[in-house]
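Note sheet for the following structure.
The letters A, B, C and D name the chains in turn, as written, and every chain counts its residues from 1.
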Amino acid sequence: MKEIINLPVQSIEEEEYHINMGPQHPSTHGVLRLVVTLQGEIVKKLQPHCGYIHRGIEKMCEKDTYQQIIHLTDRMDYLSAHINNHAVCLLVEGALEVEVPERVKYIRTILDELNRIASHQLWWSSFGMDLGGLTCFFYGLRDREHILDIFEESFGSRLLHSYYTPGGLMRDVHPNFQKRVKDFLKYNRKKIKDYDRILSGNVIFLERSKGVGVLSKELAINYGVTGPSGRGSGWACDIRKKHPYAMYDKVEFREVLRHEGDTYSRYMVRIDEMRESMNIIEQLIDNIPEGDFSAKMKPIIRLPEGEYYQCVESARGELGIYCISDGNKNPVRMKFRTPSFVNLGVLDKISREMKIADLVAIGASLDLVIPDIDR
Amino acid sequence: MGVRIKNMKYADFQDNETLELFEKTGGNVMLTTIDDVIDWGRSNSIWPLTFATSCCGIEMMATGASRHDFARFGIEVYRASPRQADVIVVAGTIVNKMAPVLKRLYDQMSDPKYVIAMGACAVSGGPFFYNTYHVIRGVDHVVPVDVYIPGCPPRPEALLYGVMQLQRKIKLETIAKERKTKDDGRRRTIKL
Amino acid sequence: MDSEKLTDKILEIVPEAQQEENKQFLTFLIPPDKLKTLTTHLKEEKELDFDYLFCLTGVDWGTELGVVYHLTSTSLNHSVELKVKTDNRETPEFDTVTDLWMTADFFEREVWDLFGIRFTGHPDLRRILLEEDWVGYPMRKDYTDEVNIVEL
Amino acid sequence: MNSFTKYFTDIFWGFRSLLIGMSVTGRYFFSPGQIVTQQYPENRKKLKMFERFKGDLIMPHDEHNQHRCTGCGICETNCPNGSIEVISDRIELPDGKKKRIIDKHIYHLSMCTFCSLCVKTCPSEALDWDQTFEHAVFDRTKLTKILNKPGSSIIKDIE
């Protein structure tokens, strides 16, 4: 008995232990596995294990034609499917030096921005849900349905569209398109005010997000954290400003920057970005020129031999495509530099010495889409 | 056949011939009444597991949200723990690395348990059937599937329709016989 | 810094570097043993200041394996593309750049996972996407897997 | 004193922010005009998909049971996931020429991703989208369909 009592007991504060978050965990937004080393409730180390949805899209691209690759890119970052398609289309058009009609550029820009709003709304819903506010889930998804209706009316699918083709669009937008988009903008302006009232000023939310997971600008650049997460740290990394494509050099919009670098600033960047996206759409929607919805393209697209890199600003950050072509109809190598994959790398760094409950908030504020990580 | 879900008629549903294969064989009056009561309860309170791997998961969330409201079917709450869940909606691709996890989740669920394969990837591998090295071609290679919902991703209404199909299937169960273990005959791979 | 000055500067650091034709970027083929020297200079020198590695790609050119680095400077707005290649398909090995750009951590693990290119000095070189016991490197051109791959 | 006032201002602002949030939800609670929920199986008769909705691939047949498919197989080569298989026969016409006609146009709904490349590339516009979405079945084999109806033939003027 005496021996048992006198055993050296390690206090709980000193002892480190591991817990698994995921692959099936409601707050990892999919099938991400985080092995967290904890001391008490403090995160000491975090190891992301990805690959639970690695489908080998890059390998499949080597056997596919460029039109077929577009439908695969939909399934990478499914929340900004249009933007992914846009990247491939720009890559092919840039390599072939095809000039797409003005109308296509306008429509593409509008759809990209609508997609960005939809993505941010879904992110807002799930972010609120992760922090315990179930109301956000219902409100965010309710408003998102309006965007999906616009998409569905024009090209028949809600989430994964495969609407862009190299050189233009699959078919022209529906005649109702302009009216519906304008109605949506009017509707959404009111709803975003609601978002602010429900969550942005909420005292519980502020306590859980301010000063949590601080990412400095230098770290953001070194880790390559782009998109709203990078801009929340004050790094002006918007591809729409740096390398404008489509109509982004013709429209006026503000690059939303905040300098605190914590979860709250990443949150506010996204909320403000929704407003900026609506401003962009408003400038374009009335001036869509008439014309063809597609440039003339050969039925089989062969890129000239060489290497191409094309980046676009997806809803999560810089989506880059590096493509090596040998002149055939299939690429030799197609690499997707997906934003979530890179942004995940910083999670370990910024969640150290935080509470495990904050890890949920930090993970959600980076807006990770798991198939975008694993491809 | 008296199987009615909401106000949908029997003839409104697809694949009735397969359903007739599952139909229970006889039973006395007492037992069928108990069966009916139990099946009524079971079919109207199937709680799903929060399990979404990719794009179809977003449509599943949309089904749970305001516009489509899963809860009208008694599929009230998403459970985060497999112990409390009755149905697992496999929404998305299952890859080699995920398959053991899915199998374990399925094993941890308590009987009676059901599986809905939602979307092309879960039904057959879908867009990732050919030329890839890490994808399970159809979730029925891992766990037995009750209802297949094709689509990429299926509309929320399509998911609700699939849920109604599952409810119809549950209503045919009987406690007199052990629920057919799904490995006999139904779990088969399809030659393509 | 404009591209001519940049070319001179890089050739000054690594005289063996070969410039390649590329419309988009200034491209150099670097001998693998000089990679570390060059990248350290690119990162550390104030007038170069390449602080952002935006893409790191493993490539299988059929006979050669290699890695392509895309670097840019957020303050000076110039970019460069570096390539390293090796004939050694059994044990290809390059120096890591993780100590300079932390982005490279995940990228290099991915390249090791899918191409089997080892990075000397990487702190934690494990497979990232596939299981630990996966045999072979699936993104290589000569990879065959009769169990898992169904050809169309 | 300073921390004392801060404590009470915090409580005040906390309550205020909670009430602001709850006023939003309360407004929706008391305004039934904003109900967005669709009653799916009950409104089944009225529920109409958008005309461009991609629910199911079909091959339209006219009243003489004729379709427009020549069996060229372009849809099969363009399909990114191999969900279309075209099986065609060669028959000999009375004037000695050989002609390809379609035997079976097999469509795997279970694998289709609705990318619309088959409909777009079809040279004779033989394929189209249907607006049905109720496809759930108990048996996976039911999802493999043959699009050309039995006994159908090709419309005369299509080459």
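By our rule, a contact is a pair of C-beta atoms (placed from the backbone, for glycine too) under 8 Å apart; a residue touches a chain by one contact, two chains touch by 3 or more.
This is a predicted model, so every value here is computed, not measured.
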Most remote chain w.r.t. Chain C, using mean C-alpha positions, is B
Of B-C and A-B, the pair with more C-beta contacts is A-B
Distance in whole angstrom between the CA centres of chain B and chain C is 46
Cα centre of chain A to Cα centre of chain B, whole Å, reads 31
Distance between the CA centroids of chain A and chain C (whole Å) is 25
Separation of the C-alpha centres, chain B versus chain D, in whole Å, is 21
Shared-interface residues of chain B (touching two or more other chains) are 66-67, 97, 127-135, 152, 155
Where chain A touches two or more other chains at once, the residues are 51, 54, 56, 59, 63-64, 71-72, 142, 145, 160
Each of the following residues of chain D touches two or more other chains, namely 36, 80, 82, 113-114
Listed in rising order, the residues of chain A that touch chain D in the complex are 64, 67-68, 70-72, 135, 142, 145, 152-157, 160, 162, 170-171, 174, 194, 197-199, 201-203, 206, 299
Residue set of chain B touching chain A in the complex reads 49-55, 57-59, 61-62, 65-67, 78, 80, 82, 92-93, 95, 97-98, 101, 105, 127-128, 130-135, 152-153, 155
Note: in the complex, chain B contacts chain D through residues 5-8, 12, 14-15, 18-19, 22, 66-69, 72, 120, 123-130, 138, 140, 145-152, 154-155, 157-158, 160-162, 164-165, 169, 190, 192
Counting only contacts in the complex, chain B reaches chain C at residues 96-97, 129-135, 137
Residue positions on chain C within touch of chain B in the complex are 130-131, 138, 143, 145, 148-152
